[in-house]
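Labels A, B, C and D are assigned to the chains in the order they are written; within every chain, residues are numbered from 1.
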Amino acid sequence: MKTPIQLRLNGEEVAAFADDGANLLDVLRESFGDLTVKGGCWQGTCGTCTVLVGGNPRLSCVTLAESCSGNSVETVAGLRRGADLHPLQSAFMEHFAAQCGYCTPGMLMAAKALLDRNPNPTREDVVDAICGNICRCTGYEPIIAAILDAARKGARRSA
Amino acid sequence: MLEMRKDIFADERDDDLREVGRPTQRQDILGHVTGTSAYYDDHRFANLLHLKVLRSPHAHARIRSIDDAAASRAPGVKRIIRGADVPVNLNTLLSLIQFGKDDEPSLATDTVRYKGEPILAVVATSERAAREALELVRISYDSLPAVFDVEEALKPGAVPVNPAYPKNTFDYHGKYDHQKLRFGDVEAAFAKADMVLEERYQMSPIEHAPTETNGSIAVPDTNGRFTVYTSTQALFFSLDTSAKINAMPSNQLHFVGGTVGGGFGGKVDTLTEPLAILAARLTGAPVRYRLSRHEEMQFGSPRGAERIYIKDGLMRDGRIVARKVRAYFDSGAYTRLSSYAVVKCVAHIPGPYTIPNVHADVYCVFTNRTPATAMRGFGVTALDFALECQMDKGAVAIGMDPLEFRMLNAYRDGDMKAHRRVAKNCALIECAQVAAEKAQWPLREEFRRMSSRKGGGEARPEVVADRSRAPAPAGTPRSPASTPQRVAYDRPQVDAKPPPSPPRDVPSPAGAPPSGSTHGVRRFSSIFGTRRR
Amino acid sequence: MTVAVKTFARLADAASAVSTERGARFLAGGTLLMRAVNEADPSIETIVRSTDPAFVHVAVSSARVELGAGATMAAILAERELSFLHRVARAVGGPAVREAATVGGNLFAPSPYGDFAVALLALDATVTLAGGYGQRELPLDELLAGRERGASLVSKIAFRRPPGETFRFATVTRVHPKGLSVLSIAALLPLTNARIAGARIAYGAMGHTPLRAKAAERALEGRALDAAGIAPALAVAADGTSPRDDAIASAWWRREILPVHLRRLLLGVDQV
Amino acid sequence: MAKHRGRGVATINYPIGMNLGGDPSQALVHSNPTGKFTVSLSSIDLGQGMKSVTRQICAETLGVPIEDVYVDTADSDTGPHCMGSFASRGTHRVGNAVMAAAREARGVMMEAAAEELEVDPGDLETDGRGAIHVKGAPHRSISVRDVAIAAQFRQGKTISGRGIFLVPLSDVDPETGEMSPATCYAHACQIVDVEVDDETGDVTVLKMTSAYELGRAINPKLVEQQLVGGSWMGMSHALYETPEPYYPDTREGPRDFNEYLMPGPGDICPHDIIVLERPAADGPFGAKGPGEMCANPSLPAIANAIFNAVGVRIDELPITPERVLRALRERGRSVAASRAW
């Protein structure tokens, strides 16, 4: 059985049919072609697939896609505005906060969820915001530094 | 956070470079922060099929029968692949460099040798359909006794794990069940040592856990070729392995990769490509074989466990005069790369120290667990753990500052190493000095002046063990006495003076035996010459 | 084959579907169920969900708290009146998990998951089961004891709001700030004239389900919350527990450190 | 007192490249018609920075700006053979191959420039900003772009180069283990401060101070990435990780990132890092490789710090709090639960 799924994906209205019971991660990648969302476990344990649903961080691999129908979904594909990088993206670059890059999209979205809500986070706030996201390369420190720096530089922008 | 000490070894470098040495941004960073870096699974193909394997629930069992009739009729199933379908169903990874015997099937046929060993593959229109079909396969097994401990596996009468190696050890040089290292005479040195310290170390396996699991997509291309998008860490290694298993000329394969979501050694084994290619060949469709996280955690090869025994002969002045190592690498059921790790381990013994008498026997042992493979620090990580814990214990035992104890024994330019090559370009002492300075770890003046360079900067200092500086915790007895030697040695050593060091770099007479049996600090630079091959 | 998804506007209808259809499972936050669906768990044929607003309703009065079983950890964290539960909600995964994970789902999470249920057990919560034929209320202890048995759908959890600073919670993890529990402890410690009167203590990861530390509770009765007062409770802290070895910790270690952490919780000393 | 601080140290070295040699890598470098260069490799970038390090080496060797070089990795049809990205061999082996290829390409470029400027190639030098000029006479100059156009369309030359770097295979003596395992070694010393809870066995890493000697830091920021991430992994290996928590018993193996333990972002500690450079004779610009060695010293340094803190030796990895607590109990000097209540 296929079920219709309609989302506001990074500000665009999109629709597709997906398998009943499909998770949001697979639907974003396979039905909507948004390959910026990466999958690391399909178990809800690594945070790699983090996206924002209705502005809130969600693990797309354990989110029933049709439960998001009618809702807004933000992925890293929507972070950039034209040629301009989001301040978080610039900060990740400046702080060398990515190595293999595979966890980066999920990290960025987890960080965005934080800064959208709390533009002046403490280090503890940042640590909490990314604590569901596994990074195997960096040791987290550059990522924490990048997020704090982005906050200092005023990462909050109207979506 | 990071500080460059350009002043050290400045005379050995030109620092007039334009691009090298600059903190240039990564070439791939924009792709990473925009999510557009293309990993193997970021390629899309119409009519993609999905491969899942059935894994053994037993650590060791004979396969009596396989019934895949229901699975083959299940919805979405395009093909079932059995061991008999694999053109060359026996391989060893290092066969490409002619090291070791073919010992591992892609799909087990008659016997499974570890829990999780692949037996059969289902190729279906979705991963879900493949998983559901696997539930319908019926296999009957005769359970066999299994062995999980490396030393148990070496005992007479132990269950043989791998038929290519019936004694449960890899063959070295066609004559030994281990790799040897022999340098000087450890037994003579132990007899004359002031103290002997023997310890056991154990490292459990470790999983690489890259955020992207192992996987590949094989796509039938034009003109009979296959394009393979892969997470491999070693493109041609995987290509050539896949060509061998599929009995294909290598130029029929086009491998594309290069942007990989972490590896750490866990993406060298070519776990998915050969079957993905075979499935693409058998179905004519693109096929993806991606390990689930659970598979990656338990059945993707880990860093293997190691057990290491170290016996040191120590002199009261702080010199290590003998080191004997016996180590066992737990290779799991098949060889993969563990045979090679053993050699790398042997080459690393006795660590970055100049010890005149060294003896090692290192074994690659087969047990009924997931085959092990390379990981960051391959062959060395566990050994370094063991060696450096041992160094700490040695320092405590003789009552020396543990960093000074290391520096005293550190290898320097011109020293002869146990594998009979002259040390050069050494910098252990300088690292110790710089770290100590930064961490405010007090070093005595002669240690602050020491150098790795030929001649040691100054003569190797005469050192009196300073028991007050040993790293024992407050409140602990100062005597870790567990051997008679140590008890004897545990008396205060205020007067202990080492014999004077001979001048460095005085060539010994040609053909002289390794002179590890005397107590003086010897430099062995010219005893063995430079027999490079 | 794919699974079917059935969505009901009324929770009662969803409850009927769960109890009558073969292979039907109710989707709460999805953190556990969707994982099983992704893994093609053959026992799951239908996903049942409900959009009933009552299911996610949170009601806090001065005396009583009612949580719709579909209330998420994030919803708990957003409710200032529930600040005594914030530490508990924060123990349930990272922010993305907290957005999904529900109070009701946590009651069914296998050990060592289920820290929120531990807190609710200490708070003497009652649960309301939604059924096709009406609702039924029962103590949480009872639900936990039989949770593997039947297809029951919890609609609501209710408990008396703990007065003042009487509620305490600690989770012990290897990984920080978020990790699976080695164990967790929740305690309701009402004081009368500086003496404990009617303590309720619950443990997570010390047995198959969250469980009460009844021996410790009894030993605390009438005692002061000081080193001497709690000593008898610590001596029997592990009574009635049956922790198991898992990937996080061994049963031995759990049992050994339980009294240490109980002591620290009762004395209010640093948990980290 | 339940918490004790301690300090431990480890000093290590690490061989660069696949042990025993037999370890080749190749590279191709070519210019497009307007003087921009492509490096073709079959080597892998799995986060360590292969693309970036070889890009810097190529630009340095060619004498052109970094922006004028792009590194294409891992296509078996276009990239020549490489053993792979492992054994800390990337910077050293592949870097050398790229250097050789770039040197050859530079030779053609300088010949083409010499022909245009009507001078001897030996009299020319690159300015690193995209131009080639006569030594001592910067006004007698031609851009790399114009050289490439001339080479392609007028002179009929390919500005390209091939490079291979091979450490030949060494035999191992079966009786003595005599061998040539590696041509150069990186070095490290790490000092770790920990805190140990003697009632629970919990170990907290408070601080790391490290010195690493790497031959040459081709890119200090990429080196820092390796060193910081590698130390985290070392701490993880020391205290947390294993897929077999009851080894050699295989039960209770973790299946996911909740069950497989690794330090979280709340478990990391400050780390002072100092880098030393003693160039290796055969390294590209002296470089060795930081990738693996940086994860190794943390394991013993932490173990030694635990001993320094509470006086027990844990000789089994990972050093779980359970192992620490058992060791404390066995020593009988613990002030743990039974007495401290």
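Here is the rule we go by: contacts are C-beta pairs under 8 Å (C-beta built on N, C-alpha and C of every residue); 3 or more make two chains touch, one makes a residue touch a chain.
Quantities reported herein were computed from a predicted structural model and do not represent experimental measurements.
Student: Hey, what chains does chain B share as contacts with chain D?
Tutor: A, C
Student: Please indicate which chain is farthest from chain A, where distance is taken between mean Cα coordinates of the chains.
Tutor: Chain B.
Student: What pair of chains is linked by the most C-beta contacts?
Tutor: B-D
Student: Cα centroid separation between chain C and chain D, in whole Å?
Tutor: That gives a centre separation of 46 Å.
Student: Any idea how many Å lie between the Cα centroids of chain A and chain C?
Tutor: About 29 Å separates the centre of chain A from that of chain C.
Student: Provide the C-alpha centroid distance between chain A and chain B, rounded to the nearest whole angstrom.
Tutor: 36
Student: What positions in chain B touch 2 or more of the other chains?
Tutor: Residue numbers touching two or more other chains: 1, 25-26, 28, 128, 209-210, 259-264, 292-294.
Student: Residues of chain A that contact two or more other chains, please.
Tutor: In chain A, 19, 41-43, 45-46, 96, 99-102, 127, 130-131, 134, 136-137, 141 touch at least two other chains.
Student: Could you list the positions in chain C whose residues touch two or more of the other chains?
Tutor: 2, 39, 176-178
Student: Please classify the inter-chain touch graph. Allowed labels: line, ring, star, complete, other.
Tutor: Basically all the chains touch each other, so complete.
Student: Note which residues of chain A are touching chain D in the complex, please.
Tutor: Interface residues on the chain A side: 41, 43, 45-46, 96, 99-102, 126-127, 130-131, 134, 136-144.
Student: Name, in rising order, each residue of chain A that touches chain C in their complex.
Tutor: 1, 3, 19-23, 42-44, 47, 50, 53, 56-59, 61-64, 66-67, 110, 113-114, 124, 127-133
Student: Can you name the residues of chain C that touch chain B in the complex?
Tutor: Touching chain B from chain C are residues 1-2, 39-40, 42.
Student: Which part of chain B faces chain A closely enough to touch in the complex?
Tutor: Within the complex, chain B touches chain A at residues 1, 25-26, 28-39, 41-42, 44, 126, 128, 209-213, 259-264, 292-294.
Student: Can you check the complex and tell me which residues of chain C touch chain D?
Tutor: Touch residues, chain C against chain D: 174-180, 227, 230-231, 234-235, 245-250, 252-253, 256-257, 259-261, 263.
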